[in-house]
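Chain nomenclature is as follows: A, B, C, D, E and F, assigned in order of appearance, with residue numbering initiated at 1 for each chain independently.
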Amino acid sequence: DFLAALDEVHPAFGVNDEELQQCVHNEIIKFSSNIERILSDGQLYIDQVRKSSRTPLVSVLLHGPPGCGKTALAATMAMSSEFPFIKLISPESMVGYSESAKMNAINKVFSDSYKSPLSVIVVDNLERLLDWVPIGPRFSNSVLQTLLVLLKKRPPKDRRLLIFATTNERSVLEQMNMSDCFNSEIYVPNIVELSCVDFVLKELTLFNDDERNRALSSLQQDGFNLNIGIKKLLMIIEMSRQDVDKVDKFVSTIMGL
Amino acid sequence: DFLAALDEVHPAFGVNDEELQQCVHNEIIKFSSNIERILSDGQLYIDQVRKSSRTPLVSVLLHGPPGCGKTALAATMAMSSEFPFIKLISPESMVGYSESAKMNAINKVFSDSYKSPLSVIVVDNLERLLDWVPIGPRFSNSVLQTLLVLLKKRPPKDRRLLIFATTNERSVLEQMNMSDCFNSEIYVPNIVELSCVDFVLKELTLFNDDERNRALSSLQQDGFNLNIGIKKLLMIIEMSRQDVDKVDKFVSTIMGL
Amino acid sequence: DFLAALDEVHPAFGVNDEELQQCVHNEIIKFSSNIERILSDGQLYIDQVRKSSRTPLVSVLLHGPPGCGKTALAATMAMSSEFPFIKLISPESMVGYSESAKMNAINKVFSDSYKSPLSVIVVDNLERLLDWVPIGPRFSNSVLQTLLVLLKKRPPKDRRLLIFATTNERSVLEQMNMSDCFNSEIYVPNIVELSCVDFVLKELTLFNDDERNRALSSLQQDGFNLNIGIKKLLMIIEMSRQDVDKVDKFVSTIMGL
Amino acid sequence: DFLAALDEVHPAFGVNDEELQQCVHNEIIKFSSNIERILSDGQLYIDQVRKSSRTPLVSVLLHGPPGCGKTALAATMAMSSEFPFIKLISPESMVGYSESAKMNAINKVFSDSYKSPLSVIVVDNLERLLDWVPIGPRFSNSVLQTLLVLLKKRPPKDRRLLIFATTNERSVLEQMNMSDCFNSEIYVPNIVELSCVDFVLKELTLFNDDERNRALSSLQQDGFNLNIGIKKLLMIIEMSRQDVDKVDKFVSTIMGL
Amino acid sequence: DFLAALDEVHPAFGVNDEELQQCVHNEIIKFSSNIERILSDGQLYIDQVRKSSRTPLVSVLLHGPPGCGKTALAATMAMSSEFPFIKLISPESMVGYSESAKMNAINKVFSDSYKSPLSVIVVDNLERLLDWVPIGPRFSNSVLQTLLVLLKKRPPKDRRLLIFATTNERSVLEQMNMSDCFNSEIYVPNIVELSCVDFVLKELTLFNDDERNRALSSLQQDGFNLNIGIKKLLMIIEMSRQDVDKVDKFVSTIMGL
Amino acid sequence: DFLAALDEVHPAFGVNDEELQQCVHNEIIKFSSNIERILSDGQLYIDQVRKSSRTPLVSVLLHGPPGCGKTALAATMAMSSEFPFIKLISPESMVGYSESAKMNAINKVFSDSYKSPLSVIVVDNLERLLDWVPIGPRFSNSVLQTLLVLLKKRPPKDRRLLIFATTNERSVLEQMNMSDCFNSEIYVPNIVELSCVDFVLKELTLFNDDERNRALSSLQQDGFNLNIGIKKLLMIIEMSRQDVDKVDKFVSTIMGL
C-alpha cells in the first residue's frame, strides 16, 4: 500500500535542488503578513496530498503582477514539502525547444512523478511555456492542450501529486479555460505599503538609519501611489548602491516608475 | 448470424477495465434521482443495441458543466453493458500525440470494435480530444473530421456499436455540426439542492451529525445559490478535512466559489 | 466506336456492390410520391448518358437536410443504371487520410472510370470529403480544387460518365462556386406529412393498428409542425420498440425534437 | 536571325492537337457576329507576333461568364496560328499536383516555348490553376506569383510568344494585379438574343421547324430575360432530346434557370 | 588600400551584361527632360560611391506606375557605372524558387558583391520578389526580412556598393518599413504630354508626317487626359502597325485605355 | 569565488572587436550633452554588474528613431566595459537563417556568455531579429519567446551579464510584453538643434567657415523644424560633397526631408 510504496522510493527520483534554489536567488524576506499567510496555505495543500487518499491530485495557481515573487514563493513551498520527488518545469530550461520537444519534456516530468508515491511539480511561468504573445494573439496550442490534460490527470493508484504553477497572465489562462484546471488559487500582491519597503531596506542595508528615514519620508508624498514588485525593488536598491547620491537615486527611480 | 458471432467472441477483444474504473475513482454516490434516471436511460440504449438489428449504431452524448460527473457516469454505464468489447478513448492516453497519431489511435479503437458483435466505446472529453481553445478559436480539424465520420459510420454487417461521449462544451460541438452526429443526449446537472450535499456529506463522513447540521444551516442563507459539481464538492470536503475548523473551512469555501 | 468499346468492358472494372448496398441499409420505402419522382428523374439522366454523344458528362447534386435519405437514394439510382463501372467515393472509406491521400483516392476513382465506356460515380457527403467546419470556416482547399476540376472534366473520347453527389450544405457549396459544377440538382425533402409517417410505421410494424392510430392522432396537434428525416424516424421507431409504453415514447420523442 | 531560326524548328516541339481539340468538343457554331469578331481579333494578335520584332510577347485575356465558350474559342484561335509550338496549360492535367509541381509544370511549358521562334500558349481557367475559392479567400500564391512573372517575361532574343488565357473571374484577377499582365482583353458574352438560340437549334436539329417555332415563341415572353452560355444551352438541348415532350422540357428548363 | 584593391579585381566577378541589356529591349528614347534628369542623378550616386569613403553603401529606389520605364532606366544607369561588379536580382530568374532558395540567391549576389571594391546591384521589381499580392495581403516575410537587412548592411572594409531597386508599389514598401532602407528615391513618371508621344512616334516611324499630325490632333481633345507608360505606348504602336487604318487604331486604342 | 573565476578567464572567450567596431563606422561625434549623458549612464550599469552580487543580470534597452545612433552607442559602451566576453547579436550575421537557426545562434551567444564571470551582449535591432513587419502584423514568435526568456534568465552562480539591446520600435516591443524584460531604458534622440549640425559639419569639414554659416542661416527659417538622425546627416554631407553647389545641395536636401 501507500506507506510501503513510500518506503521504497529510490533516491534516484532526484530532487533538483540547485535549480529550485536558483529560483530564490535572494532569499524570502518576510516583509509583510501576506508572505506568511501564503506560506502557511502552501503547507495545508502539502498536508492534504500527504494525508487524503480521495484527492490524489491537488493543483494550485500562484498569480500576480510581474516580479511580485511568485517563482521564489512556489519554489520555497515545493522544497518545504520534502516529498521524494520535487521538480521544476520552467521555460528557461527549454529555450530553443520545438513545440513537440516541449510537450515531451513536460510530459516526462509528469510521468516521472507518477513513479513516486508523493511528488510536487512547480510549473513556472505558464504564459511563457505557452509561447504566449498578445499580438494575434499567438500561443502554442499543443503545449496548452498538453497542460490542460496533465494538470487534471489523476496519478495512478497509490500515487499522489501536488502542483504549484505560476503566471502573470491569469486572465489569459481564464480565456484558455485553464483556470478550471486548478483546485485553488493564491494571489501574490505587489508591495503597496512603505512599511514593507522599510523592512526590505533594513534587510539589505543600503542605507544607514538617517538615510533610510529621509528616503521613506520623501516617498510619503501626496498623490504618489506605491506599487512595486519585490524583484524590481531589489534591482533599484542595487542600482542606487552604485550612485554617489544613493538616497536621491533610490527615491527618484521609484517615483519615476 | 448475429448470435453465432457473439458466441465466437475472443476474450482477446479485451475490456480495459482498469482504465475505465480509474474514471470512477470515488464510486457513484446516488445523491439524487437524476443519477438513477441517467443510469436507467443508459440501460435502454444498451438494450436497443443488443436487440434491434435496424439500428446497429447508437450514439449518446453526455453533457454538463465541468466536474458534474459525466466521465464517471459514462464509464459506469459502459461497464454495466458487459459487452465483449468496451474501450475508452480519452485525451489522457494521448498526451503529446501528433494530430495524425490521434486520428490513428481513435480510428483503431473503432476498427477494433467492428470485430466484436457487440461493442461500447466511451469517447471522453470531446473538446480536449479536439484540442479546442476558445481563443482563435482553434482546434484540430483533422481529429474533428475523423470523429464526425466515425460517430456516424455504420458498423459492418452483424456488428453493433454503442457510443457514450462526454463534453463540457455542447454549444461548441453544435457550432461544429457535431451534435447532429448523436442519436440522443443526456444532460448531467450540477448539484443545486442542499439535500444532495447532505447525502454526500453523510457518505463521506467528514462531519458528525452536529457539525453537518451546522454546516448545512449556514449554507441555507438568503441570496446564496448553491451550484457545484460533485467533483469539486469532493475536493472541498477533503481540503476541509485538513483544517482545524472543518465546518468553517467547508462553508466558507463553498460560499466563496 | 462506342458500342464496340462497351462490349469489351472487363468485369474487372468492378462494381462495388457491397459498399453501395451498405448505403441503403434499410431499403427504400416509397412513403411519398417525391421518392418516385426522384427515382424516375435519375432514370432520365442515366438514359441521357447512355444515348447522347454530345454530353459525355452529366453530373447531378442531391441535396437536403441531414438524414433525409440522400445517400440511400443516390446509391439506389447508381445501382439501377447497371453501367459496367459503378463506384462510391465516401468519407467513411477515407478516415485518417491526409489531404493528398484523399486527392489521390478521389482522382483514382475518376481515372478508373475513364476506362469504362459507361460509368457512374457516387460522391457521397461532399462537405465531409471537404473537411468542412463552419467555425473559421475551414475546409480542405486541395480536395475542393480536385473536385472542382474532376466534376467538370470531360471523359476522353468514347467514354461517358454520370455523377451523383450528395450534400447537406448546398449553400456552402454555392459559396465555393461548386454548384456551377453540376448540370442538375435534385432536392430531397424531409417528411412533413403524417401520411408518410403512417406509411413508414406500417412498413416497420412497430405498432398494431390501434396503437398506430393513437400515435398519429396524438401527432395531429395544433401548433406542431412535423419535420423529420427518414433516418431519424427509423431510429425513433427502434428506440420506442424497447420501451414499455411504445406509443408514448414514440409520440413524445417526435414532439420533443 | 529570326527567319533562319524558324526554319530549324523541330517537329519535336510538338503541338498537342488532341488535347486542344478536346477543348472544342462540339465545334464552334457561329451563332452571332460576336464570334466572328473575336476570331478575327485573335488573327490580328497572331499577325503582330509573327511580324513585329519590337513586341516579342503578346498576351490576351478571354473573360466572360461560366460556359460562354472561352476555352473553345482560345483553343480554336491557338490552333489557327499554325505556330510550330502550341501548348495548353490546364487545371485538368494537374489534378492532385502539389503547388510546387504545378509551378514546375507551368514553368516547363514556358521554358519549352522559348525554344521555338514562334509559340502560342493557352492558359486555361486561371482561377482554377490558382486554386481560387472565394471563402477566405484562398488561393495558391506561389502559382499566382509564377504566372505574374511568366505572363510578363520577355522570351529570349529571336523568340516570340503569344498567350491566350481564360477566366470566369476577371475581377478577382484584377484584385490580384494580374490584369496588368495582359496586353489586351477579349470579352466573351453569354447568349441574350433568341436569334442565336434559333441558330444553334437549327444546327443541332433537336426540333423540326414547327417545334422550333413553338419553342422560340414560348421564350418570347414579357419579363423573361434570356441569358445563357452556349455550353449550358447544348446540355439542355441534349437533356430535352431524352424527354417525351422535347419542346416543353426545353422551354421549361431554360425559363427555370 | 581601396585603389590597390580596385586594381586586383578579377574579371571573374562578371558583369552579366546580356541579362541587363535584355532589360532595355527597345533602347532608351529621350522623349522628355525627365529622362535626362534621372540619368544624371544616377551619375551623381555613382560618383559618390566611387569617391566618398564615409558612405560605402548608397541605395536608390526607382518607383512609378507600371510600364513607366523603371527597369530599363535602372539597368541603363547600372551599366553606365562600369563598376567591376554589376548584377541583376530579378523575379524572372527565380520562377519556381522556394522562399529559402530565393533568400539564398539574393544573399549570394550581395555576398559576391562584397568581394569587389566597387559594385552595383539592380534589385528589380521588389513587390514581385516579395511575392506580394494585395488580397490578404500576402507576401514572403522571409524574403522581405532578407532584403530589409541586406539593403542596409554596410559592405566590409574597403568595399563599396551601389543599389538601384525598382517598384510599382511604393506605398506597400512604406507599410513594410522598407522605404526607410533607401538613401534616395527617384520618381519615374508616365507620359502625360503629347510632345513626348510625338517624339516617340517619330523615333519609331509608325506614321508619315501627315499621319502623325492627324493622330496627335485627334488626341488633343477636351476632356481627354493623356497618361500612359512608355512600355504600353510601344505596344500600341506595334499593334497599330498591323492594322489597315493605323491612325484610327492608334488613336482609338490610346483613348480607350 | 567570483574574483578567482575572473582570473581564470580564457582569452578564447573572444571579444569580437572587428564586428563591434564595424558598428561605429564613423566614430562617435559628441555633438551634444545627450551623448555624454548616455555614455556615462552606460558606465553606471557596467559598474553595477561588476560590483553587485545581488543583481547578476542587468539589461538595458536603447530606443529612438531610425538612424539616431543607437547601434554605434551600444557597441561603444559594450567595448568600453573591457569585460572578458563581449559579443554582438545582430540580424546582419543571420541573413537567410531559418527561425530555428536564429534561435540556436542567439541561444549560443548567451550560453557562451555564462562561461565568463563578466559578460556583455549587444542585441542589435530587435525588430529585425524578430522578423517584424507591421502588415499583419507578422513576426517570429519563436525568436520572440527565446528572447523573452533569455533577457530575464539569471546567469548561473558567480556569473554576471550585462545586456544592451537596440530598437526603433519600442511600442511594438511593449505590445509583445518585451519591455517588461528590461531593467532600464535609454532614449536616443534625433538632432533637433542647429548647434549640433554645426558641430558635425565642423568635424567633417564639408564646408569652409563661410559656407557653413551660409548653410546654417538658411536652415534657421521660420516654420522649418529640424529633426534628423546622425546617420542621415552624415549621408547628406557626403552626397553634397559630390555636388558643384555643395551649400545648396546640403540645405535643399535637409529641408526636403
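What we mean here is this: contacts are C-beta pairs under 8 Å (C-beta built on N, C-alpha and C of every residue); 3 or more make two chains touch, one makes a residue touch a chain.
Since the structure is predicted, the reported quantities are computational estimates derived from the model, not experimental observations.
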item	value
Path length in the contact graph (subunit A to subunit D, fewest steps)	3
For subunit D and subunit F, chains touching each	E
Rotation, 0 to 180 degrees and nearest 5, that superposes subunit B on copy subunit C via CA atoms	60
Computed distance of Cα centres, subunit E from subunit D, in Å	34
Centre-to-centre distance between subunit C and subunit A (centres being mean Cα positions), rounded to whole Å	59
Where subunit E touches two or more other chains at once, by residue number	none
Residues of subunit A that touch subunit F when the two form their complex	22, 25-26, 66, 91-92, 95-96, 98, 128, 131, 133-136, 138, 204, 234-235, 237-239, 241-243
Subunit A residues within the subunit B interface of the complex	44, 47-48, 51-52, 54-55, 58, 100, 103-104, 107, 137, 139, 141-142, 144-146, 148-150, 153-154, 156-157, 175-177, 180, 183-184
